[in-house]
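Across the two complexes that follow, chain A remains constant while its partner is chain B and subsequently chain C.
Let's look at the complex of A and B:
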């Protein structure tokens, strides 16, 4: 136990006397009724949509007026509540709005809540059970699913790790991060379930991938973690999910990837809007962001382009192991990997970091892939 | 689908034995349906109407907040083409109209030749929903069949944030008798036969 009470309440005569007096006499304290808080009655602006966080953005309860540094609330008190003496210092690690805030974070939360799906019942598992995939396809798919399960397990842990470390005033961000943890847990679930229905089970864990995941998990600040996870890693994973839908062998698998890509795109949206917020309000952080991305891109290239990740894509895209299938699979996979990098740079440019394209070592990977695609195949 | 550059020859779902069940349209309903031409505002308004009939399904998928364009291009003189604006808000399609151009309020535009759109809609008509080779994501992925035009990557990503809702919207075409220019008979909506 790291935290102990300074009072033994069942031995505290004053506490016990007051409690018993109230129950015995009916004389209530009622001082809490005079809480010096704003009296408001929020209403839904769109009855069709329901009551959203945006409807609650009013006065001291709102998020628009929140300052950059949260000095007043060091406790667990919900934003806008009266804070009497005696509240503990919760010692939140993150108390700067620029570390967490994103344009439209309240909208992303509401969208997340309304678009939750169920990995147990929303996939046609009974139909998939009747499908026998050819061995090479089945093993390649199982390896891809193993990789994706690994990724999503850590994508669950990372937001969950930071959730309790954010100041309580970042209510909307905390709620959004909670939905991300739930989304990622569902992704890990659906990928594990699909792997165990292929007939091949799980395949190999990936050292390269796990080292990248450890880099993300062990980020020094929420800002770093958000940049690495939401924008960079999930941006590339979003393109990967879209490619996976493209190469999926069945209708049910395509639906599976459409459902996961919905969640992923939402997380990427938060990451983009967070980076925009930071660069709009604190442009001096630009160099630090570049230095972080230098290392993050190093890790992601090692993870995303290693054999146990690239080869399953080649087999799935080319539809087999015969030489002509592999050649076609390589060509298609290169186009996908090129797209991943292009869309990553495109997002960064839109967020206010257009110079990343010139600085990044991924530009070299892009050049190599483009050159390979532009070279006519032998024979 | 063979012969489109960049598109692998994907095996039919039947190769993997999946039993897909198209939506059933009664013979009585079928005989009363009037063929709707594609591309046309009437076609998309019919999808809008059908989305209202299936509101529970779209409500279960969640908030659907996007505005996108459909641009049907022609590559032969006399072939119909068109630009259509589709707006979605909360759980409803609130706009389905023909436009002369796309403005800044559009998140993205799905653009492609009439032949591609027709093949997709004919596939949906046969099966009641797009198969593995004709989903919106498949057709747009490398931009070889359908292209996704956008100014803002955030708008582009809405194609993926609402992927299942958008796919289900186009799948509603399986309940429409569609007439394509140059075809003597309309493509019948799926009857499950």
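Let's look at the complex of A and C:
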């Protein structure tokens, strides 16, 4: 038994007597009616948008007034409710607001709720099933989808792992994390289903990338995990989705990538606004962030070994396996890789980490790639 | 950081050479002939779209998952080719009959189809305009405070297990993610309801939280599912159904009606998982029965708490006057009887027929329900 309630209610005669008396007579204690909580009546600011968490940001119920350190609630009590004696300790590991908070997290949550889509019905599957892709394109696409299926499931595990570890007062973040877990389940679903409609099925796993995923999964703190997952990994995946939309073989596939991009952009948005929050409120964490990114970028660079990701991309971008297609595919893929890394550093700069570029080996590698591309081939 | 790459790739000349080779057009195509099963799944019904059931084919299907998932501890998608140095992610729930339910695929599809959005699907403005007796509004506020507490725990429960459940059980993990979303929605809607009525939140409940904490702290997934999905889920379902039936506004009817739909899914999965578990591991019936006997007092803790039972009586009776309270108490007694009977019936149907005979609840409830 992992936790035992302070009382066995079936053995608590006073508790049972009171309850039985209440049920028999309708006589009520009603002490809860006098709870010393704020009396408020929130209203939707915009009828079109409905009643949002922002409309509830009032007094002791609001997130604006939440202190940096949550000292007075370690239970499941809703923020702003009266807290009687005897509440359990929910054993939250994360009780510092700056560990989890992000500017506009409440907005990201509302957006996630209103933009849920359905991988079963929102894609033209019947139409896709009739499309016969050329073998090279079909296999390359099935391989890319296999990789994406693999990547997405980590992003269900990571938020789920942390959800229960956050203090109940951070429910806006917990709720956002729950939406993210569902978003990622939907992504794994849609990529898997698409792979299974190509005629080729799923293909090869990607060992290097899986080690990278384990790195993301096993972060020591929520802030570390968010930096790695939301900002670095999902940021790069967002660029990948954008290029995948560009190179994907049918209109229905383009729609698929547009839908997943919408979700991914929200996760990246949370990651950026969280890092910005951390840097605004705890500039002393800057060095720890750099140390984490050093290793995260090491994994990113090591992905150069992943032929099972790069090569399908080249074939899809070049639209075939013939030599001229491969040459064109390489040209587009190199542009994509440069863009992916560039956008990553731009995001970090926007969050308040412009010096990352100076410190980063990945940035230097990008400069070399750019220089090689800018130099006309000899002869 | 707890996990590191096996080398510093920036200093790896082999990597530079490999990238140079690929980017000069000399592709390896090592992935091109994986030997995996070709598949072209089609939607069985164009209206319903492409479901997971339509993808239940060959090595990709869930029917083919073995009872013991061995040698697949990474994130690799089920049916894909495993090769190279894949990491062990650290999954601890690797047995199909510990998590599976025959209805989980359909329930996942239903969860996506029946999504709703508290911000816009509830006519909040009509609530704001309605003049309601303060006692009824206070009772609603207290009830919503307690229901928010319960939903928060119900949201955390699947989160505690999703990352421990093997990737092969993709459909179960996806369903649990949907469950987290459902409960996030409940946290949101009950809070919003309490904060629109003019009363604000009321009092957290020590007995309710003690009971929830004990249910949440199960040590195995079957125990956790039994406690949260079947026991707590049944109570939530019964509460929502009752509140939807007695609601005096469209907004409240919708809030509890929608919530009921979600809770019914949770209970259906919980019962299905329990049935599947006991069919494959009948010897676990005794252990789960013991678990229920140990934790059944939490049902009394939840239902008997003043923060839950008193507002239920007020709302069921329609007010705070003596005749209202007497009528409310009578209604709540009937509701309690039915709630416990339904819970026992579910447990019996799922294969725990011995539990109701050993339970102390019938005697306790007989006393409580004697008018």
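FYI, the second predicted complex is superposed on the first by the 367 of 379 C-alpha atoms of A that agree within 3 Å, B and C clash if a C-alpha of one lies under 4 Å from a C-alpha of the other, contacts with A are read in each partner's own complex, and residues count from 1 in each chain.
Basically, contacts are C-beta pairs under 8 Å (C-beta built on N, C-alpha and C of every residue); 3 or more make two chains touch, one makes a residue touch a chain.
A quick note: this is a predicted structure, and the numbers were derived from the prediction, not measured.
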Item to complete: Judging by the criteria at the top, classify the pair chain B and chain C on chain A as clash or fit.
Response: fit
Worksheet entry | chain B versus chain C, judged by how many residues of chain A each one touches | C
Worksheet item: Who does A:49 touch here: chain B (first), chain C (second), both, or neither?
Response: both
Discussion item. Per the contact definition in the header, classify A:131: touching chain B only (first), chain C only (second), both, or neither.
Written reply: first
Practice prompt. Have a look at where A:246 lands relative to chain B and chain C in the superposition and call it first, second, both or neither.
Written response: first
Item to complete: Name the contact category of A:67: first (chain B only), second (chain C only), both, or neither.
Response: neither
Worksheet item: Is A:15 touching the first partner chain B, the second partner chain C, both, or neither of them?
Response: second
Discussion item. Taking the superposition on A as described, I'd like to know which of chain B and chain C A:339 touches: first, second, both or neither.
Written reply: first
Item to complete: Mind working out whether A:114 is in touch with chain B, chain C, both or neither, as first, second, both or neither?
Response: both
Worksheet entry | Contacts of A:261 with chain B and chain C, given as first, second, both or neither | first
Practice prompt. Would you sort A:238 into first (chain B), second (chain C), both or neither based on which partner it touches?
Written response: first
Item to complete: Please state the minimum Cα-Cα separation between chain B and chain C in the superposed model, rounded to the nearest whole Å.
Response: 11
Worksheet entry | Contact residues of chain A, present in both the chain B and the chain C interface | 49, 110, 114, 116
Worksheet item: Taking the complex as given, what residues does chain B use to touch chain A?
Response: 6, 8-11, 13, 16-20, 61-63, 65, 89-92, 129, 131-132, 135, 137-138, 141-142, 152-154, 157-158, 160-164, 167
Worksheet entry | Contact set on chain A toward chain B in their complex | 46, 48-49, 110-111, 114-116, 127-128, 130-133, 238, 241-243, 245-252, 254-255, 257-259, 261-262, 264-266, 268-269, 272-273, 317-319, 328, 332, 335, 339, 343, 346-347, 350
